[in-house]
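Once you scroll down, you'll see the structures, which are given as structure tokens.
After this come two complexes, each holding chain A, first together with chain B and then together with chain C.
And then the complex of A and B:
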């Protein structure tokens, strides 16, 4: 079976959005930003099962989704994306297909989370944003253990709970800011926390 | 000579149903009722009967329970309210429960009412306006809660109807004005027909209520007398069989009160078990329905994935591929880098011949397009909503089951404790029992029981004498009106039956009734007539009664549900003539009928014409099933035939 429809749409959408921001989307950036979008989806009340595909860690501790990788390859082979080594850009047929798919109900809700994740590159620069995501508690634990594992399982979600609680409290105090603001706030916290820990060491 | 009793029955002028899921063609359905016949005609299962039930529910806050027998008007209304709260389950979707409502405009005596009721709230009104016929407000509008508005409504409509209590209005609506799926026969239900006779033959509403109460009191006193006799017999048997038994006579509840208390508790437990059983059945049905939706949704999602892959990655127009576009723009081969003219010519020629320039295969349009995907997407959206609704319904029912189980456990525990508290057990008795005292005690008990039996009989006889007096008064009143009433009934019924009819009033014991004689033979049981005959004779009786009752300020209304279902072909035209005769007295009928080539509707339409009959197509309100859709042409022909008769000069 090929990549899920959600993975194909996310790959196409992320490539388009990051291309608009930075002029081309690296495959590694697509994986990390899609992972961030999935976390924002769960924070907003969604379930992992309904995201559409799963994430695990690579040997370097980065998030990776097999469906996303296959989707990028298939989209490039079918002419929806243009590939230059590992950087992707949408073609006109890719943009046309993206527009049609976005209008549907099933996939039409996803840009809310994908854009919130991709747009952190506006506030922090994409490499900085993706770097901050790597300090997310599950990825940090996996990197520390140097072990490949599934992400966002029950144990992983339990690690995120205190973060979500804190973010919700701040959202309430500030009269519910949008997902983008919440994402930027969280990434800044993750980076600051990581910096603090490395200073302590 | 009194020709009518001056009771002004509510007359509907307009009904508006909102968010009534069964009628899915529009969020709001409006029906205007002119004088004469309003006929809602359609195929089976579309919700015709539900329409009449909804109007009755709007007016009375109740829906008739087919399984409930009549004891008294007051008890009937009290018991029906609990039943009516869930009467529209299954006809209204879970997500529409709070929104579903009926708005009714009614004429009652000198005043007009506009009420709005939620379809699951029998004792509350969302809105109440009462005006005189000129539109001037007739109330101060201070009622602020749904319960207050209901109370104000009941008081006002009872007074405007000329009745004594709201339960009398409910009795008349369900048992006299409405002939529905229950096929309940007024002629052969002594208790109901007596209550209706007292109300409608000129006895004051207060007197009718008194008669209803007295009949109930006679029944209860008689029942108590029988209980005392039974208890005395049991005590005698005990005295003979078990010398060691002791009956505690404490200060506290009397034996009568104990028996009543235990019976009430047992009835409450039985009722809770019944409701729990029905709710559990509903939960099971909801779970099965939800599982089915879930299973179908899963399949549709799989179909979507396959279609998605085909639409996005399937065969596509090669002229849009970036490699082909690049070749045509740059005139350069992307493989070897050559820039000669043949590169572009070769590619253009293949495209012009509808072939792929790489593999030279014909460019056949792909089987799946993004449009197909959009259709599946819309289906998934709809099914997701259904699933969420199913989840909500299952959760709600589970909550209700938990609550009911708690209540049932509590009720059973209370009953058991009460039984234990009032019971006697021979093993509790010790060696010091004074058997003489015990025997003496039993003897006293037996004497006491006999005395109470006599007392209960005296009370019964007292109430009975009073009831007899009222029955005599009823009999005298009947004599005054029978010169008008009997010919009216016979005229209506004889036209249908085609047989000689007589109607007589008799008092037998505690029951006053009308006795029908056909061709010289009394027909005391419903089985003495064919199904068609007994149903339509009963309808003729209701017609005669409502004409007798009607206040001059407003013509009477009958509510009749698919009467042709009970008809032999031989009687179809006659049934149509019966209804037409009724309507030509300025009365009105709100009816439903199956849409077929029945002569009943055709005859009725021919006689009434468009001035006196409005035909409403059920297909304007509700969606046909697949099987019914196949017969749409036949339905349309049947409708057109009736509409032609309406328009004929």
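And then the complex of A and C:
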């Protein structure tokens, strides 16, 4: 069974977007930013089940989606992405396919979440953004376990609830309802919280 | 546990929040403007824009700027930008995909009434009708939007030397000297060097999963490695051992600790031994060891003597460290050692 159509679009879209912003997309960045996009989707009222594929942790505690990995591999094999070790760039056929998929009715608002996630690299620099995602509460509890575990399950979503509530309060207070501002703020918070905890040790 | 107080504190200092709350319905214009800024600085270094720069978020700009007398150029590509005369430049990206450029200093009140504006005058600002948001300066870089990122650790270390170490551009390294001319290092400079490199890698190295810094309390010779970088998808690990050579003052300011080549060689052996002992714990990972040596050697420097000629201060600028054995020739998991020469302040640039 191949990757889901959502994973194929996300892989192509993220590779295209990160390549536009930073010159090439590392596979790990595609996984981490797609994970952030999924969290933004849930924050905005979406359900995990309707995202289209699932995330688990790698042995180093990073978010990973098997469907995304398969999609990247398949897109490289079919000439839609150019691959150099673990760095992907869209080819012209890949850009053409992306345009066709983007116009498809099934996608709805999906690109909005992917773009909000990728665009955090404009405000923070992509390494800072992806590094901050690693401090997401369920990833932090999984750090050091050295075994794979599912992400955004019931326990993971419960850990996110107070974060979402806080972000909505700030968004109302500051009149900043857009996803980009919310994503950047949350990542800054995650890093600040991690920095505080590391000095408390 | 989530802290709303911390979130509020972060939001208060978040320039994105400040700009977006002031745009009153123009929230969607910020990401494209940020991307425009980045694109401009991809083609011309901010330090070259001596006359300053103004970028407009949209083509909704006042007609006054369309005055043909002030139009400098119509660019098909930003790659043509570096060839323009170094005066104040105003750019807007048109829907057609090209760019219009003017060389007049605009009326900011008129501009901001129409669109979100970015201004560079040596530092970064965003301008709204009743508010100018100034961004923090990043030492070593002309603009917060011109900080490069790197796919590999080797590339990142090259840039780190140039931007952070060479002239002590990093504040942590700048504060690590016992004198203003950067002749003798402060007492126990290792901690600042570790933190400087760790902070830099977090901002500049793409695709890492974890960057771990050795805890301060591990000070014996059997300590774990100084910085460990783990990549999540490719199963690669970099173990970075940091050493410094040169002179460091003692707490009483009466004498210096002097390290030269033997110290660097000791670090190389330490790293080689650690690579051997670490193999059983990471059998499924590709591990490479990096020895990074901060070189602050000065000829004739001591606790009492900081008055060196330029020749003495720079004597070791091009003097490589003599390693024996050369582990990088003996084992494939040992990268060529990296020497970061920390320049003194001299009359010679």
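As a convention for this text, the second predicted complex is superposed on the first by the 195 of 201 C-alpha atoms of A that agree within 3 Å, B and C clash if a C-alpha of one lies under 4 Å from a C-alpha of the other, contacts with A are read in each partner's own complex, and residues count from 1 in each chain.
Note that in this section contacts are C-beta pairs under 8 Å (C-beta built on N, C-alpha and C of every residue); 3 or more make two chains touch, one makes a residue touch a chain.
Worth saying up front: this structure is predicted, and the values here are computed from it rather than measured.
Placing chain B and chain C on a common chain A by superposition gives a fit, with no clash between them. For chain A, the partner that touches more of its residues is C, with chain B and chain C as the two candidates.
When the two complexes are overlaid on their common chain A, residue A:21 makes contact with chain C while staying clear of chain B.
Using the contact criterion defined above for the overlaid structures, shared-chain residue A:178 touches chain C, although it does not reach chain B. Between the C-alpha centres of chain B and chain C, as viewed from that of chain A, the superposed structures give an angle of 150°, to the nearest 10.
When both complexes are overlaid on chain A, the residue A:162 reaches chain C alone and has no touch with chain B.
Of the two partner chains placed by the overlay, neither chain B nor chain C lies in contact with A:66. In the superposed model, A:106 lies in contact with chain B only, and not with chain C. After superposing the two complexes on chain A, the shortest C-alpha to C-alpha distance between chain B and chain C comes to 23 Å. The touching residues of chain C, counted against chain A in their complex, run 2-4, 6-11, 14, 16-17, 20-21, 27-28, 30-31, 34-35, 38, 147, 149, 151, 202-211, 215, 230-234, 284. On the chain B side of its complex with chain A, the touching residues are 304-305, 308-309, 312-313, 316, 320-323, 370, 373-374, 377-378, 380-381. Residues of chain A that touch chain B in their complex: 1-2, 4-5, 8, 74-75, 78-80, 82, 91-93, 97, 100-101, 103-107.
Per the touch definition, chain A reaches chain C in the complex via residues 20-22, 24, 26-29, 31, 58-62, 64, 69, 85-87, 115, 119, 122-123, 125-128, 130-131, 134, 137, 143, 162-163, 166-167, 169-170, 174-178, 180-181, 184-185, 188-189, 192-193, 196, 201.
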